[in-house]
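Chain IDs A, B, C and D follow the sequence of writing; residue 1 opens each chain.
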Amino acid sequence: MKPNFQKIIEEISREVLPLLGLGKVANYIPELAKIDPRKIGISICDIDGNVYSTGDCKTLFSIQSISKLFTLCLAMKLEDNELWNRVGMEPSGTAFNSLVLLEEENGIPRNPFINAGAIVITDIILGKSKHPSDSILKFMREITQNKNIKFNDTVAVSERKHGHRNAALSYLMKDYGNIHKEVEEVLNLYCRHCSLELNCEDLARASYFLINQGKDIDGKTVLIPRDVKRVNSLMMTSGLYNNAGKFAFEVGLPAKSGVGGGIVGVLPGQFSISVWSPELNESGNSLIGMKVMEMFTTKSGMSVF
Amino acid sequence: MKPNFQKIIEEISREVLPLLGLGKVANYIPELAKIDPRKIGISICDIDGNVYSTGDCKTLFSIQSISKLFTLCLAMKLEDNELWNRVGMEPSGTAFNSLVLLEEENGIPRNPFINAGAIVITDIILGKSKHPSDSILKFMREITQNKNIKFNDTVAVSERKHGHRNAALSYLMKDYGNIHKEVEEVLNLYCRHCSLELNCEDLARASYFLINQGKDIDGKTVLIPRDVKRVNSLMMTSGLYNNAGKFAFEVGLPAKSGVGGGIVGVLPGQFSISVWSPELNESGNSLIGMKVMEMFTTKSGMSVF
Amino acid sequence: MKPNFQKIIEEISREVLPLLGLGKVANYIPELAKIDPRKIGISICDIDGNVYSTGDCKTLFSIQSISKLFTLCLAMKLEDNELWNRVGMEPSGTAFNSLVLLEEENGIPRNPFINAGAIVITDIILGKSKHPSDSILKFMREITQNKNIKFNDTVAVSERKHGHRNAALSYLMKDYGNIHKEVEEVLNLYCRHCSLELNCEDLARASYFLINQGKDIDGKTVLIPRDVKRVNSLMMTSGLYNNAGKFAFEVGLPAKSGVGGGIVGVLPGQFSISVWSPELNESGNSLIGMKVMEMFTTKSGMSVF
Amino acid sequence: MKPNFQKIIEEISREVLPLLGLGKVANYIPELAKIDPRKIGISICDIDGNVYSTGDCKTLFSIQSISKLFTLCLAMKLEDNELWNRVGMEPSGTAFNSLVLLEEENGIPRNPFINAGAIVITDIILGKSKHPSDSILKFMREITQNKNIKFNDTVAVSERKHGHRNAALSYLMKDYGNIHKEVEEVLNLYCRHCSLELNCEDLARASYFLINQGKDIDGKTVLIPRDVKRVNSLMMTSGLYNNAGKFAFEVGLPAKSGVGGGIVGVLPGQFSISVWSPELNESGNSLIGMKVMEMFTTKSGMSVF
């Protein structure tokens, strides 16, 4: 009695068309602003590994903050214990790039999905890996089962150049002793992994281990079950910037979004789902992406709640 | 292949005994401070309506903030649309009784589970119900299937007398126009519903509709499925004061706690679970209660993630 | 070589006429909103006791927050030591009625001129005086040398009815143990002293002791010199709501303003000056009043700096 | 009937001896930590140009934040109008190096004496001067009438190396567009002027123009009278970090302090006074320095209030 995923996402693809034009493509860096806004891609990967897709599901896009999900997983593999002393696990209640809480809480970011937290995660990877860029790329290629995954260094350089606020966050944490490497080096790697380009199908596949107790489609362990629970819970409470509560409320899936217009969500034991549509709402989440997710859990009757 | 719930909770009951004495009973009102701290009760109600229990599962205790869960459900039945204009659905990132965000955000509380939000919910019930105390009592008796559920007015009066901070929250919201009734009247009703006394079995049964798409054991609709999703998501992101993230991270269930030492959690489609143990951790959650929940989801391998 | 005060204030009175209409009369309580906005009064009392006046200098107006200056002086006479444990002496950096700092700093208001601080001062007077209203009235009549000074109870009652935010501040401080009397009683007295009505000449005379090392015109001690320094310094750093820095910068006199449109300033050893004009700027200070003060110190070349 | 300044400061020098050892020398950079803590110097320069001194008045020390006073004056000479659009004139109510307000207020520092404000001032000097280091040095040598005034580049480099928080402030302001030059360049110059070394007599002389309506001892204009009022008012409301209110309250002079243990204060028309004693109180002000200032205004009966 499993719902017909293909039929549902085709239906949704048609129904969200009138929403094109209501959001705004990210324009804080020129490279992202160039994107064609009228794109909609959806992919689902079910627990048996079947993939269902519609629309622009094969077009590469900049995953931006969704990379925070994967670098967190990689860092959890590299560094088990110390990690949670350097970054928290509570929702922040403030903007993703705010400095206020960081100052109040002595340089320990609230969670790994706000910028400050993801920067600490990047610093950890830098400290634990000899070739950190390669490690990230290798990890991404493994979980997507796609050897063509690449960074987009034009985007990375452009982002680095405009990232004064991330520099401010980093120097503030360095002042508190929570950045160990040189700030320049950390920010370069951070901007690099944000520039990763995937398509919807890559993204759905890459998240498969999060619905399968940590094992990938070939049965190889990516994360232990305890850590899958942790990652999924962080997506649930903190994965969508200031819309985390609203997304849980309306959609009911652990998920992570990026300003490139992508969102990836998971229902453990059932499916992973990815959407891409570049126009953003005021909180920096894909406007159509959020709607697709809400319609999907409503039509399928499937959510964690 | 369903885990043996009875065996698991009996095991856990023994294993948490060494933790007795590590927390502190709530003492901000004399009535709560009188409780015997060495109490541990656990009850589970599965989707078929079977109840499994151990220890002090028949002893009444003050549910305190857990009442926010049930008054929210009642208010959602009484007032559909306006409710979410008057209270938000995002995690707060600050203490449950903080005034800071309330001031920044013009008197709209972040969610219905911080004190300010629950006070607005109480104000809504007051505005929609002719006999608000009776309505709350009737609702609680129906969902627990227990006609003996009562307020403890000694506790309510004691709490009212010490509730200067709740008065501050209420007057601040009144200043912003988000409390419609008289503050005195709202606070009296608020303290009254916080004083409700249930035992673990009542609490597990009362939450059955949240695991059964809104229907109680007799198949009667308490909430529509959309609203069940909303309530469960709010418990997930905001149900355990400042430990919401940590609880999701370690336990992975939507849940609501109270300073009386109770916690109730749900796994939609599977079970509701309640724990009571009066000693609290620094965030005001039952220290043993949180541990019991964590052990239960680990041993059973069952959580939303 | 003393400047010709009378000539200067007559000149200024003409020059500020074009500013009429640029500000807005306080309208948060109906009684204040009724005032004729086109009023301008100026009075100066020099160190020899000579009074120079222009315009509406004999018309009574509601001194509102200027009463905080005089109740502080009275409280300093009644309670020497404990006072500065219960209220601070630092500028607040936030709005006059903000709750944020109060919460961060455990219910100790930053200074006696923000609302919270003035409410604590009122609580102190209540605790030290058998007939607190009478004490305040007696003190005001003595320092103005005018037996007709009165409260305006219509204004006081109207203010009390709309004062939800002051209630919030008071209950928050009561929660921290920094309000000893009943909140209702404190707020009634607070609103009462805010409703005091004086004219410009009364106000200039009332402040004479602050330019004369604490002695009134008859040589009687109102405050000891150390306390005059303290009061004047508080006016300098915190007397004009969010314009304190700007006022010091442009005018350079210790001063206190009220939303009734009055401002009183002092130059120790030289003169006290009062202005009244009901139209306010965005910070709640008399728009024309601030300009008059600036022009006066510029034309006379006299300021503390 | 002028008080005997020499006698008073000699008396005070003896009376504060028991306070040696109660404060703590700044140790956040090694160079400052090396200083002999048991130093006390006092100098006064009266309106006629006479200098009165005691103790270690000829020993050079690092003026640190006192340089903010002189760079502000220099920037006011270089850039009249735009300056006050880029930095405010209100007391901050938070720590001197806090990022909170800066974030709330879009990168405009509250005043030129908190670090963020002084960094903007440095950026202005960089933008207006071809040889900014030389301009600062030349200005300092003129107002001290001492051609030997120098930077201490060992201190400057050490400070630069530990200045992660100042980098955070600068990048945050750059994000808001309020730093025009490269952050590295701004911070280098900032640390350089903080490393200026003067003795108490230099410092008292350097401030003479602030008591003489902007003219130095030779009658040459350093600042116009309007700007002297502005500078003195900023010292009064914001010159002593978190002790600004307390200092006004107890001392009653416009003043500026530095973590090197220096404080300089002025009484317009009468005298400038400088104190140096390296042990600091919890707010980073010279513990003995504050006491000397308080005793001096009390004994002489001279303050702006």
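Note that in this section a contact is a pair of C-beta atoms (placed from the backbone, for glycine too) under 8 Å apart; a residue touches a chain by one contact, two chains touch by 3 or more.
Here the structure is a predicted model, which is why all the values come from computation and not from measurement.
Student: Return the chains common to the contact lists of chain B and chain C.
Tutor: Under the touch definition, chain B and chain C have no mutual neighbours whatsoever.
Student: After a C-alpha superposition of chain A on chain B, what does the rotation angle come to, in degrees rounded to the nearest 5?
Tutor: Here the rotation carrying chain A onto chain B measures out at 180 degrees.
Student: When the centre of a chain is set as the mean of its C-alpha atoms, what distance in Å lies between chain A and chain B?
Tutor: 32
Student: Chain A to chain C: how many Å between their CA centres?
Tutor: So the centre of chain A lies 55 Å away from the centre of chain C.
Student: Report the inter-centroid distance (CA atoms only) between chain A and chain D in whole Å.
Tutor: Computed value for the inter-centroid distance: 48 Å.
Student: Of all residues in chain B, which are in touch with two or more distinct other chains?
Tutor: Correct list: empty.
Student: Line, ring, star, complete or other: which describes how these chains touch one another?
Tutor: Per interface graph, the chains form a ring.
Student: For a test of understanding, state which residues of chain D touch chain A in their complex under the given definition.
Tutor: The touching residues are 98-100, 103, 164-165, 167-172, 174-175, 183.
Student: In their complex, what parts of chain A are in touch with chain B?
Tutor: Of all residues in chain A, those touching chain B are 88-94, 101, 110-111, 225-226, 228-230, 232-234, 236-238, 242-246, 248-249, 252, 254, 268, 297-298, 301, 303-305.
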